[in-house]
Each structure stands twice: as C-alpha cells, then as structure tokens.
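Both complexes shown next keep subunit A, but they swap its partner, so subunit B is in the first and subunit C is in the second.
Then we have the complex of A and B:
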C-alpha cells in the first residue's frame, strides 16, 4: 500500500483517497465546511488547505488525492495563516447571532471559529442582510448566516434527485435559494438542515425547542419503513425533540427521509392512550388484565400482530399465545397492500420502502402469515401493535388492543393495554436486506405503558391465575 | 500525633493566661464600637457588585433576553426555566422565564454567562416569602433595585 506522511505521522492509504480522509485516519483533524463525504467535492470554502512539500501553493485537502511519499503539514505556519484568514473572511458577513440560532452547539462555523479563528473582528462595515422566503413546512432559511458552501445545492442535485436549490447573484451578493423561491419539493428536506454547516437551514419542527447541547442522544434505528435507517433519537426529560440520521453505508448512507425523521411525533400525541382502559374508561392495570382474562380466556381468538413489533416481542406473542389462548391463530398486519416481503419494494430511488412498518421481514422469518380475513370460529380479536401498523376494519367482534393506540383508533375496543413504541423499548428488527438491527430504548415508557413481556407476566401471574394454578396443584 | 509539651510549672495552673484573655474580652465589651446594627431602621450599604434578587434588563420596553439558554445551562442549582418562542418584533424571545429563587445559590454565573446583558442580579436582598414562589417573567421584568 502506498504511504504518505501527515504532520509527521506515516499513514497507509488506498489509491484515490483524499488527504482529508487520510488525515482523519491518523487523528489529524483538517477543518472544512464545503466537503461532505456523501457529496461531490467542490473545494470552495478553502478552509481545508494544507501545505504539501514540493508543491508551490497550499492545496485543498478535500480535492487532493493522497500520493505515495507525500509529506503534508496541516498545522504549518502557512496553513494556519490560511485557516485564520478564511475564518475571518467567512465571518465578515456572518451575523454572529449564536444566542438566537438553533445550530449553535453543533455548528461547524462556531467550532472552527473557536479552534482556528481569531477571537476579535477587524471589520466595522455593515453586514449584508437578506429577506428570507418561506421554504415549505420542513426548513426555515436564514440567508444571513450562509457561508456559500453549496452543500445544499449538491445534496438536492446528487442525492435527493431534485435540482431545487440554486445560487443566484455572484460574489458578495450570492444568495442560495430555491428556484423562483418555490417551497422545497423533496421528501428528504430534513437533510438540508443536517448538512448545513451553519444555521442557514434549520428544521422548523425543532425551531427554538431546545438547545443542541441539552439533548441526550441514543443511537437507534428508524421504524418508518422496512429500510431501517440508522438514526439517533435526541431527547430531554423523557420527550423526544428530534431524530437525525447516523452514517451506515450499507443501509442509509448519511441520509434519512422526512417521514422517518418526524415519525417520532406520535409518541407524544396527546390522544395516545397511556393508561389501561376498559370500554374507553381509564382504569387500573389489575382491573384491565382481569377483564381481559375473564372475557378472553378459553375463547378462540384471532391474534393480529403489527409488523412494527420487534422480533423478540413477536416470538414472545407466538409462544405465550400458544399456551394461554390455545386454538387461536396469529396473523400479521402492517401496511395495506404490502402483506408479504415480495410486495415490499422501493418507493423512490433513494431510501423509502413500500412497507411502512419496520419488521415485516422479521415477522415473515418467524413464520407468521399475513392477515387476510378473520379465522373461522374466532370469537375475539387481540391486536398487538407498536404504533405504526394499519388496523384493518373489524366489525361485529370483540376487540382487545395491546400497544400504542390513539383514542380514535381504539374506538369500540373492549380493553386497551398501553404498551411501548420503538423509542421506549430494546429489541431487534430485520430490514429488507435481512439485516438485524437493534432498537435502543431512548425514553421511559409514557404514562403507565408497559412492555409486552411485562403484560404477559401480569396476565399469567395475576391473582386469579395463581389461585387456579394452586388449586390445580392441590 | 500526640505531642507532650514541656510546660513550665507556673503555666500548669493557666491562671495568668485566663486573666490575659479576660482582659481582652473586657476591653472589647467596654470600649469597642458596636458591630451589629438596628436592622429594619438602619441599613448597611452593600457593594455595587452585591448579588441579590435577579431581574431581566429591558431596553426600550423590550426584554434583552433572547432565550439562548446559557443561564439554565450554566446554573449549578438548576433554578432557571426558559421556554423560547417567536414573535413579529423579535426572532426569539422567552415565552416563559422562571426563577425558583429558593433553589438559587446566588453564584451570579447566569449574569456572567449572559451574552445579552439580560439577566442581572440586583442589590435587593429581602426576599422572604410566606410560601414557595417561582418568580415569573413579568415579575422579573419589573426593574426594582437595579444597578
């Protein structure tokens, strides 16, 4: 393998790798703004310029492929002077409204300014200002903060497949905007806020809700569709504030769709049922379990399991229902029209899949059949659901729900036992490629919700069951 | 470690030392100036830098605070609670700004962290309440006892 030396450290690289990535391998951090590993290289911020021996001028590390025997200095006097002047240059027009800006705390411009810039400004001139047009429901634009890295333009054209962001005017009066000021069309608009190195493009959903440094982060997997994009849930005090994608080159690369990004909102839905209910009236766990047992035991039931449950939960339901509700049939529900994995195709050219539940492939692996119609002789329906599976229209039959339901969804249910959604439990889900991924618990179950395992435990061990078992033994 | 002191025979009765000590006590009692003051009638002058009750500074009737959340971040007692919002004349302003003064330790770090010179500690030190009170934004905006 060819070798080069970066800041005195020898490093091996494969042909074609750029200096920025090679430097990162040995822990040398080269500051940058416009470079993004998922986008083409334009080398336009000039922040990553480094000194290479035998080269007359500084070279941008992002656009220079590493060469055998290259000797690179990223913190030489010349490179440092360049970083300092680029920072000064970028901050000439930056409003420095960090106290107001949602990006502060996770802002590349802020970080690099602290590390490489000067702590004072020489400019006394007025800063340029723009009037910002609305950019649709996802993104809030603030052009004053922009540093023209063009990451958003490249993201739209190269990843999202829509050329919607453009740079108009030139030089100092460059403005990044959508064509004709139209709102954003892409379903991946949330990524604009992620890749923006400043606070120019921020999420409307997250606007002023919390500061970035107050959020606690949990690495988990999105449950919006069968792709299972890797993401991070950011929460504080038990309520989720936003989800952002994590890098996984085999599944979602660096991106995430808006549907998955804002999927967390149903967790905090005010109409979500978080207390056990009997016929629409809140009650206690023991009463609800007692009612469930009194009206369900000994009967033949159809058990519908949402494909938004984890593999562990599905297996548990399979095993427990065989012993506790013998003679009942299990079928899975998920997205209407996508009942088997062969129906599950790509919805667009990037990430979205047709199955809008995360674990269709896992359910199929466990041998659970899709729900078509009620099994003959069924006297009741027991629905286990993680919150996303679509409920089939069921009439004229007693319905029992375990899982995440809103008040309108649980209309006419005999008993509802609140259980946990994807952010409130650990478990495994299988994506469309057959990859098993772990869901991590980010927040405590809302209200009185319990895990499905706990519910089975209550069901099995509640007092009457214990009594029955005792008499059986005697 | 226990050290055995080699005292002289006269020192063993301590009497001389007791008389010396009493002399100092008597001197202070009879001739020194009083340290205490008659509080509600008499008041002490405190330094301008005294850290007392908080207030939010306003400029032209608009609060300086932009709800940047640096004061709740730096607050060691976690007594500041802010909720941010937007209104036409101000991009970001505190919809709620509450201080639980009973939790506050008057360290003044909020004042130090504030980039907008909004939260300040006044010289007011009389804060006794008949019940536990969380001071709201309206109360804090009234500029009493400011420096």
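Then we have the complex of A and C:
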C-alpha cells in the first residue's frame, strides 16, 4: 500500500482517499466545516488547508487525495495561520449568540473557534444580518449564524433528492434559503439540522428545550420501520428530548427520516396508559394480573403479537403462552397491508420501508404467522404490543392488552397491563436485510410499566406475588 | 521605436468594413488557415502552436500549445472548445474590437482549435453586456455556416463543428474558466474545485479547452504563417506574437493598441504610443493589467510591458489593460472603488473571499469617509495576506493584490485620510 506522512506519522492509505480521512487514521484531526463524508467535496470553507511539502500553496485536505510519499503538515505555522484567519473571517459576521443558541455545546464553529481561533476580534464593522422566512414544521432557520458551508444544499440535492435548499444573492450577501422561501418538502428535513455546522438550521422540536451538554446519550436503533436506522436517544431525567442518527454505512449511512426522528414523541403521550387498568379504571398490578388470570385461564385465546416487539419478547411469549394458555394461537400484527416480509419493500428512494414496525423479519424467523382472522373457537384476544403496531378491528370478543397503548386504543379492553416501548428496554430486532441489531434501554419504563418478562413472572407466580404485594413483604 | 516600424495583424482591419465574410476572404486570407490545418496532423498543429510561443491572452499567460496538448486523445465523453469572451476585467476592451471588426478570425481559430483537440462543439461565452457584439457574432456565424466553414463536413474534411454564442448574465466570476463552464451548463456561476482541470472534465463533464478571444483569433495567423513567424513578432523569448493593449484612464490617446510582445516599456506605451498623461499632468500610478493587477508607481514604469518582466516587477500583465492615473486622482478612493467591485463580484463560495473582500471594502469605506484608524492599514495588509493564495479561485488574489499594493506604495495618501486631513 502507498504511504504518506502526516505530522511526522507515517500512514498507509488506499488510492483516492483524501488527506482529511487519512489524517484521521493516525489521530490527526484536521478542522473543517464544509466537508461531509456523505456529500460531494466543494472545498469552500478553506479551514482544512494544510501544508504539503513541494506544494507552493496550502492545499485543502478534503479535496486533495493522498499521494505516495507526500509529506503533510497540518499544524505548521502556515497552516495554523490559515486556520486562525478562517476562524476570524467566519466570525466577523457571526452573531456570537452562543448563550441562546441551541447548537451551543455541539457546534463545529464554536469548537473550532475554541481550538483554532483567537479570543478577540479585530473587526469593528457592522455585522451582516438577514430576515428569515419560515421553513416549515421541522427546521428553524437563523441565517445570521450561517457560515455558507452549503452542506444543506448538497444534502438536499444529493441525498434527499430534492433541490429545495439553494444559495440566493451573491458574495457577501449570499443567503441560503429554500427556493422562493417555500417550506421544506423532504421527509428527511431533520438531517439539515444534524449536518449544519452552526446553529443556522435547528430543529423546531428541540428548540430551547435543553442545553446539548445536559443530555445523556444512548446508542440504539430506530423502531420506525424495518430498516432499523442506527440512532442515538438523547434524554435527561427520563424525558427524551431528541433522536439523532448514528453512522452505519450498511444501513442508514449518516441519515434518518423525520418519521423515525420524531417517533419518540409517543413515549411521552399524556394519554399513554402507564398504570394497570381494569375496564378503563386504574388499579394495582396484583388486581389487574388477578383479573387477567381469572378470566383468561382455561380459555382458548388468540394471541396477537406486535412486530414491534423484540426477538426475546416474542420468544418468551411463544414459550410462556404454550404452557399458560394451551391451545391458543399466536399471530403477528404490524402494518396493514404488509403482513409478510415479501410485502415489505422500499417506501422511498432513500431509507423508508413499507413495514412500519421494526421486527417483522424477526417475527417471521421465529415462525409466527401473520394475523388474518380470529382462530375458530377463540374466546378472547390477548394483544402484546411494543409500540405502534396497528391494531385490527376486533368486536364481540374480550380483549386484553399488554404493552404500549393509549386510552383511545385500549377502549373496551378488559385489562391493560402497561409495558415498555423500544426506548425503555434492551433487546434484539432483525431488520429487512436480516441484520440483528440491539435496542438499548435509554430511559426507565414510564409510570408503572413493566417489562413483558416481569409481567409473565407476576402472572405465573401470581398467588405469591399477590401475597407479597398485599402484605408489603417482598 | 516608432509606432510604424513593426508588423501588426489586427489593427489595420479594425473598422466596420472588415466585418463581412467577403472582406475576410479577400483581404485577410480568410479560412485559408483552416484548409491548411485540415491537411496537417493534429500533433503538427500543436507543434506549431508550441513553436509560436503564444501565451494565453486572457490574463494567466499559460502557453496555448501546451494547454491544447493536455486534452486526452481518447475520451468516451464529447470534447468541447469554449471561447472565453466574458472580458470583464475592469479596463479591458480589446476582445470587443476583435468580435466587432474581425469576428471571422475568432470563428476560424475556433474551428481549427476544435479540429485539433477533437471537439465537435464550440461555445463562445460572451459577457451579457456585449449585446451588440453577441449579435454581430451570431451574424458572422450564420455567414460561416452559409459558406460551409461551420457545420457538417467542413470543406470536405469530414470534420463537423458547431458553434454557439452563449450570453452571460453579467457576472465577473463567469470569466473564471470553471465558473464560466458552470454558467454555460445553466448552473450558478461559481468556480469549481480543481483538480479536475477542464482539460480532464470541463463542460458537461467532457474534456474542455477554454481560451480567450484574442488567443483563438491568433490561431489562423500561426497556421498560415507558421509558429516561428509568430514567435518572431515578439521581442522576448517565450512570448510570441503581438498583443492588444487596452489603454485607459488619464492619457491623451486611450484605446486599443497592437504592439509586439515585449517590445515596449510601460513608459513608452504611455508617453510615446498614447501621447502622455492627460492635460500634461504628472503620473501618479499605473495599473498594468486590469484592475486586479498590483499597482505600479510613476517610478516603476520603466519595465517592459510583457508577462515575465512585469511579474518580476511585482505586478502582472493580466489582460494587458493599462490604466493610467494622474496626480489629480485620489488613489485611496480609487482603491475603494476597485475593492468594492471585487467584493460585489465575489461569488460567495469560499470563506476568505466572501468575508475578506467585504471586510476590506468596509474598512476602506470608513477610511475614505473620515473614520479610519491608525491600525486599519496594517489590518488591511494582514487581511490581504489571509486571502492571497487561500481561496478557491483567483478572484481572492485579484482583490487582495490591489489592496496590498496601494496601501504599501501610497501609504502617506491613506494616512492623510486617517489623520483627518482629507475625506470624501
């Protein structure tokens, strides 16, 4: 393999790799703004300019492919002077409103300013200001903070497939805007906020809710469809504030859709049932379990499992129901019209899949059949649901729910036992490519919700559990 | 040297009567070079071009023969020859005369160029303000089509060449070759990252040569009379042919002058060729190559007006647009005007140019209006250092060069403003 030297460290590279990526391999960080590995290279911000021996001028690391024997200095006097001057240029028109900016704490401009910039400004001129137009429900624009890196323009045109972000005007007056100031159209608008290196494009959903450094981050997987985009849940004090994508080149690259991004909101739906219920009235776990056991045992039930449950939960339900509700049949529910994996296709050209639950492929692997109609002779329906699996219309039969339900969804249910959503548990899901991915628990179960395993344990040992709960002795 | 003692190619034809194709055919050996070129091998043509020592007339002065040689012989994509007629460097107006009076020279040069590099499509990208010249070019192209010098199977050679005039919309940056190509493709006129250079991937992704109007108009002469003849017109090594100088400003006889390359000093051009400074005033400054060239003081004009000597003197010949400034004119205000132009014309892609040009304009504006500070001059120099060589295209350098040179060479004039002795 060819080799080059970066800041005195020899590094091997493959043909075509740019200096910025090659430097990263040996732990040399070259600062940049406009570069993004998922977008074309434009070399506009000039921040990543480095000194290469035998080259008369500084070269931008993002646009220069590494060459055999190249000797690169990223922290030479010339390179450092350039980094300092680019920071100065970028800040002469930036409002420096970090105290009230949502990007603060995770802002490339702020971080690079801290590391490479000067702590004072030589500019005394009036700053450039813009008037912002509304960009629709997802993104809030603050053009004054923009550093014209054009990542958003390139994301729209190259990834989302919509040429909606454009540069208007010219030179110092260049404004990044949607065409004619229209609202954003793409279903991937949230990514604009992720890739924006400043607080110019921020999520309306997250605006002024939390400082970025207060958030606890859990690496997990989105449950919005059968792709299973890798993402991070960011929470504080048990409240989820936002989800952002994590890089996984085989599944979602760097992106995620808005549907998945804002899917977390149902976790904190005020009408979500988080206490056990009998006939719509809150009750204790022991009473609810007792009622379930009393009315279900010995009966033939149809057990519906949502394909939003994990592989572990589905397996547990299969095993436990065989011993506890013998003669019952198990079928899976998820997305209307997508009952098998062969129905599950791409919904758009980028990420979205037709199956709106995460584990259809896992459920099928376990041999669970799709739900078509009530098994003959069924006397009750027991529904296990991990999130948003679509509920079939069921009339004239007793219904029991275990899992995540809202009040309106659980209308007419005899018993509801609240259980956990994807953010409140660990487990495995299988995406449409057959990849097994781990859900990681980011927050504690809401209210009195319990894990499905725990619920089965209570159910199985209900007499002793009841006693313990009644007497307060564990 | 008296102005009559040298050979010229253009100026004797610079009149309205020279435009029709009949004049071109009868008086200027029109389209004979094309016939000759069709009988030559492509390597021989490039060889003649290299021998001619023709250096690009747009501003950068790159050897044309070498540029043509960069085009890959085999390319799966169509190749293009583009004429840069965006002539927008302030002070430059020589290409206008070529297009106005001898458009067929350009057309013939382009067909030969297209034949040499293997391009079947040519574009003349003309600046939007040249409405009359665009129309005249269109008429000349129609004449050439009618006579079979353009179109299919030109002169029975089997070579096809189509030529289209494309009008720009008035942006200076579209004179930068990759900005021009973007504009030609219907995109924003923003320069591209290089590499790839246009010879590898230019217009519509195909290998492309972009040449200046005067460069291409020189080609028929070179083919007809030989590279050596052309080279000998120039008086310096590695710089052949004559050059069209656009002389403007405070001289008695401004205009377009055709002079042998490297034969005259700036002083000779100003005082002997152009009749001296207007109203007999003293000379204050000379900008030797369009407004982006660093300024020269009255003491620095004994330099040969050609690419290499002027570069040695710390400026550049650029498009050979000589702007003469007399003692009556305020260089501080002149610099503000120049800087304002570049700040306005910056495309806004890259940081140093977008932010720096405007910053310099703001500072100069302050100085001119009586709000300058002592540290402003050093700050200006520092900003030019931070722009120069750090930008995506050459516009940043074009803006930084004048500021650095004016401030360094005319510092007392600036200080007078800062002290409050003068203001606009």
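Keep this in mind: the second predicted complex is superposed on the first by the 463 of 474 C-alpha atoms of A that agree within 3 Å, B and C clash if a C-alpha of one lies under 4 Å from a C-alpha of the other, contacts with A are read in each partner's own complex, and residues count from 1 in each chain.
The criterion applied here is as follows: contacts are C-beta pairs under 8 Å (C-beta built on N, C-alpha and C of every residue); 3 or more make two chains touch, one makes a residue touch a chain.
None of the values given here were measured: they were computed from a predicted structure.
In the superposition on chain A, the chain among subunit B and subunit C reaching more residues of subunit A is C. After overlaying the two complexes on the shared chain, residue contacts for A:43 are found with subunit C alone; subunit B is out of touch. Legend: residue contacts after superposition of the two complexes on their common chain; A:171 is shown touching subunit C, with no touch to subunit B. Of the two partner chains, subunit B is the only one that A:99 touches; subunit C does not reach it. In the superposition on chain A, contact of A:147 is made with subunit C only, not with subunit B. In the superposition on chain A, contact of A:57 is made with subunit C only, not with subunit B.
Shared-chain residue A:214: touches subunit B; no touch with subunit C.
Looking at the shared chain after the overlay, A:337 reaches neither subunit B nor subunit C.
Once chain A of one complex is fitted onto chain A of the other, the partner contacts of A:326 are absent, as it touches neither subunit B nor subunit C.
On subunit B, the positions that touch subunit A within their shared complex are 66-70, 73, 84-86, 91-92, 115-116.
Of all residues in subunit A, only 41-47, 49, 57-58, 60, 63, 81-82, 85-86, 88-90, 92-93, 122-123, 125-126, 128, 147-148, 150, 167, 169-174 touch subunit C in the complex they form. In the complex of the two chains, the subunit A residues touching subunit B come out as 97-100, 104, 207-211, 213-214.
Every residue of subunit C that touches subunit A in the complex is listed here, in rising order: 171, 188, 193, 343-352, 354-359, 362-363, 366, 379, 386, 389-392.
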